[in-house]
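Structures are listed in the sections that come next.
One chain, chain A, appears in both complexes that follow, with chain B as partner in the first and chain C in the second.
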Partner chain A sequence: MPTPPKFLGIHASPPNWLRWLLTIIPFALLVIIYALASDTRQRENPSDKLLPTASKMYDAMQRAAFEENARTGEYQLWTDTGASLRRIGIGLGIAALCGLLCGLNLGIFIGMEHLFLPFVTFVSIIPPLAVLPILFIVFGVDELAKVVLIFIGTFPLITRDIQLTVKKIPREQIIKACTLGASQTSLAYRIVLPQIMPRLIETVRINMGPAWLFLIAAEAIAATNGLGYRIFLVRRYLAMDLIIPYVLWIVLIGAVVDSVLRLILRTRYAWYLESQE
Partner chain B sequence: MKKGIRSLIITAAVSVLLASQAIAGSTHRIAWSHYTGWEPWAYIQESGIMDKWAKKYGLDKVEIVLVNDYVESINLYTSGQFDGCVMTNMDALTIPAVGGVDSTALIVGDFSNGNDGVVLMNGSSVKDLAGRKMRIVQLSVSHYLLTRALDMNGMKEKDLTLINTSDADIASIFASEVEKDPKAAVTTWNPLLMQVRNVKGANLVFDSSQIPGEIIDCLVVKSSAPEALKKALTGAWYEAMAKMNSPAGSKEALEVMAKSAGGTLAEFKAQLKTTKMFYAPAEAAAFAAGEQVKKTMDYVRSFSFEHGLYGEGAPSKELVGIAFPDGAVLGDKANVKLRFDKTYMQMAADGKL
Partner chain C sequence: MNPDELRKTSCLFLEDVYKAYGSKVVLDNIDLAVAAGEIVTVVGPSGCGKSTLLRLVLGQEFPSSGTVLVDGQPCGFADRSRGIVYQKYSLFPHLNVLDNVLLGLRLSYGFFERRRRRKEFEERAMTYLTRMGLQEHSRKFPHELSGGMRQRVAIAQSLIMQPKILLMDEPFGALDPGSRENMQIFLLELWEEFKMTIFFVTHDLEEAVFLGTRIIVLSQYYTDNRGHGEEVRRGARIVADYALPKVAQSTLVKTTAEFGALIQQIRQEGFNPKYIRHASSFDLAHPHSFQTLCAEDR
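Moving on to the complex of A and B:
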């Protein structure tokens, strides 16, 4: 019997070392291409701002993170991160909570479904950025509006996702619970709710992307701090030496949050992951 | 196999580099964005004036490209996508010059003479700004204007809170905010300034006519740009200026500009009133060579340095040199990156183009 190929074809079974290598290749390529392009530009013009060298980015980040800003007396990176995380945490947190409750009820109670589902579907298709001026007038442009934008951008999608998950629960199980004497509320909150919790974590993970998008859009429009605010502010003088590390920092935060959520899934809802396979 | 991968990496890297280098061709590209004093570029392009002057100096083509985002147009110029771009004196210093792109202010087109202003609700002087929240595009000429206004009234930026607000939304935000906040305040430029002044109860407490000649709008080109390009651009500009300023030709030219600005002829004319256009090249050349520009640029570089526009790690405002027509240099003589040049405006004035 021939051994399966290491890399090519549908039967490939890369050994462990190759798996790591394959993962690293695209990243390494990106870094190499960047370094070469940056080096070419820096050689032509040592003050080039478009593709700064790693040491310039390190310096800029060092100042942002560990030096008090002379004018404001703040540690810029931490103030920005704190403000942004607060907004995204509140916005996405409330969206998850409301989405869970709404999705659960829409999924179980047929009357509710007919009353609200078409409406939620309608709202979920509206691009929130397109109705931004209305949001400004209704909610102002301060913290509330930023949180609301994140909420509006993620809540309908979470609701629909949860509703669909509830729908997939076998009808037999629900009938059985009723036969065993479950009331309608205990059915909803004691039989169905525990089953959809892992899906809620999954959908929050998926909605992190849109939430960041809306956060940065809101901060670009009107703000006094935040990661998106900083990026759009220093863009005014093409300070890519700060923008690139800020973007990497956002990616890092996103990745950490994502793996924490995955960890919760793995430890608390192992049965869910098994059922997905 | 390994050799294959290595050569693949090198090929990919080289092709990306080549693609980014191959943009410069025999045609020249100039970027512009919407602003009262720059609308003539729309006319220059549309009327064929540019083609005519390009031909005269033996250039294949000079494209005047509208980039619908002011800062982005400067960033594109700075990163090498254009040979020239319109911008204010402050942005010319802080974006291309600080970014190491040796730039020349080829044409001094106008200065803001009321086009930028500070507006607040229920107040009548700059002093009333204390403790308020101010909507502003931070680090822009608005910010510079506000700093000058505060300076002249013995106040500091710390006396108020600045909220960085996108110019796309600043007017509508201000208009909707005044209902809830009787202390709303905003600093912006035209045509947005007109809109916010029209809000009931809003007062203009400071505008750029109180610091005349400090917010200068120029056409900036790479200092290394060919002589022919500099001549063609200057020639085309002053032909358009002559048209604009002549009783016979002005209507046609102004209509094209008003349309490009997205307003009526009357609105455009109103905006021109707060813009001090240098229609005559001699006047522009004299202004560029004057003492005032030096004083202004000193203010501008101090402001820029103090606000971190030289980069937060920059050692001093002397870092970048600014050269003036009489040979004087402000800052580092060995690192001159912004040059005010009256040569070509003077040629236009002398009829030598």
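Moving on to the complex of A and C:
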């Protein structure tokens, strides 16, 4: 009997310890290369700004997170984080809610599909950043324009995704519900809606990426706080010691939100994951 | 019996039903009257339109022309009067077994009525589940059940609505031979208890003859006076229609010589492309059978 190789080829079946090791390797490499490069540069010039040492980054973050800003009296990191999360939460939240309702109705009611789907497709092709100036002109440079940008960037995609999911529900199941006495509204909101909730969570997970993109773009152009605003602000002073930890912080937030959504999916919608396989 | 009388008394009545998709004719002048309490099994070569016929009765599709009556009423979109059990997709994946069975009751009553009679509904659903031998699985989800259990839940889900006719589209087609036979026996037991009318489509001749109190053979292998040119597009017709024993029998009957002979006969009449009979000489032996031939075929 052949023994499967540990790592190479299509028949490979790595043991558990190797899986962990393989996962860690690229991260470890990145850290090591950075540390070496940073060390080399710091030796030549102790005030080098491009590749700051870990301790410099730590100090910068320490100041941002735990020291009151002398001018505004705020804790900068938390203000930025709060502002950004609020924008992305409202924007993506409203987009998810509207996308759910629109996608559901477009998917079930053929007339609605013909009326709105081509339009939604058209809107989804518009590059949201191209209309950002319009949004700033129309909604001002305050919160609203940023939220609207996130909404416009994610709503059509969520709608399309939900609509396709509804379409994929077998015709048999719809007919079956009719034979059980379902009216058209209860079909939509009591049979189909609960079935597409897990897909909504998945599509929100996928749309987190674009949402962050639009958020940071909007903050970079016009804002007074926010994670994206801060990164672009301190870029002027080449403050890599703050930019790098901020980026890592955004990654951390994204990862946490993603795993919370995944946890909800696993605990509340086990049937969905099972029937996907 | 004459068609007018049958039209009034039959549980299911089809007259002059045609179904075409574009230029392809699937069903060609179907006439059928089914009395209440029968198990009608429908067999025929693959692609002959068995499932299309079932969908016409269900209201999932509509005939290109002709009449379909359920209990004397013209057949509209799918509703509570007809139950359906498909081969798959009959259960709702997001509901557990009990909720699946309860769904029909819940959907049929308003919010307050539903709240007030919750206990009663649940008890009724549990009675059905117990009858199906599934009382211990009431909290499981469909994906946790075996194929046979799923189909039993699907049957309970339909039966609790007490439909005038229960339609089944190859319900046991995906089961292994053992559980398939168990389900056949189980269905007959239920039928003896509830005496519901069943319209059962299958491609398995043995299953059809064993289950049915009446068997209908749909086939496109026949001829009539319309000629043989390219322009003649024939669809399937009912080429044979037999009464079968009215009482449920043990599976031993499957091994008897008569059982085998009947299957052979049906295979010859419906499934053999070389065995061609004229539309006026089909083997329509069932007393409720009738045929509306066009003038030149009489």
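Please note the rule applied: the second predicted complex is superposed on the first by the 277 of 277 C-alpha atoms of A that agree within 3 Å, B and C clash if a C-alpha of one lies under 4 Å from a C-alpha of the other, contacts with A are read in each partner's own complex, and residues count from 1 in each chain.
The rule is simple: a contact is a pair of C-beta atoms (placed from the backbone, for glycine too) under 8 Å apart; a residue touches a chain by one contact, two chains touch by 3 or more.
Treat the numbers as computed from the prediction; the structure is a model and nothing was measured.
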Chain C versus chain B on the shared chain A, clash or fit after superposition: fit
First (chain B), second (chain C), both or neither touched by A:170: second
Contacts of A:271 with chain B and chain C, given as first, second, both or neither: second
Touching partner for A:24 - first (chain B), second (chain C), both, neither: neither
Touching partner for A:186 - first (chain B), second (chain C), both, neither: second
Winner by number of chain A residues touched, once chain B and chain C are compared: B
Partner chain(s) touched by A:12 [first = chain B, second = chain C, both, neither]: neither
Which of chain B and chain C A:49 touches, first, second, both or neither: first
Three-chain overlay, closest Cα atoms of chain B and chain C, distance in Å: 45
Chain C contact footprint on chain A (complex, rising order): 170-173, 175-183, 186, 190-191, 194-195, 269-272, 274-275
List of chain A residues in touch with chain B within their complex: 29, 32-33, 36-37, 40, 45-50, 59-60, 63-64, 71, 132-133, 136-137, 140-141, 220-224, 229, 232-233, 235-239, 241-242
Contact set on chain B toward chain A in their complex: 9, 12-13, 16-17, 20-21, 71, 74-75, 78-79, 94-95, 98-101, 135, 137-140, 157, 161-166, 168-169, 172-173, 176-177, 180, 306-309, 311-313, 337
Of all residues in chain C, those that touch chain A in their complex: 58-60, 77-80, 82-84, 86, 88-90, 92-94, 103-104, 107-108, 141-144, 157-158, 161, 163
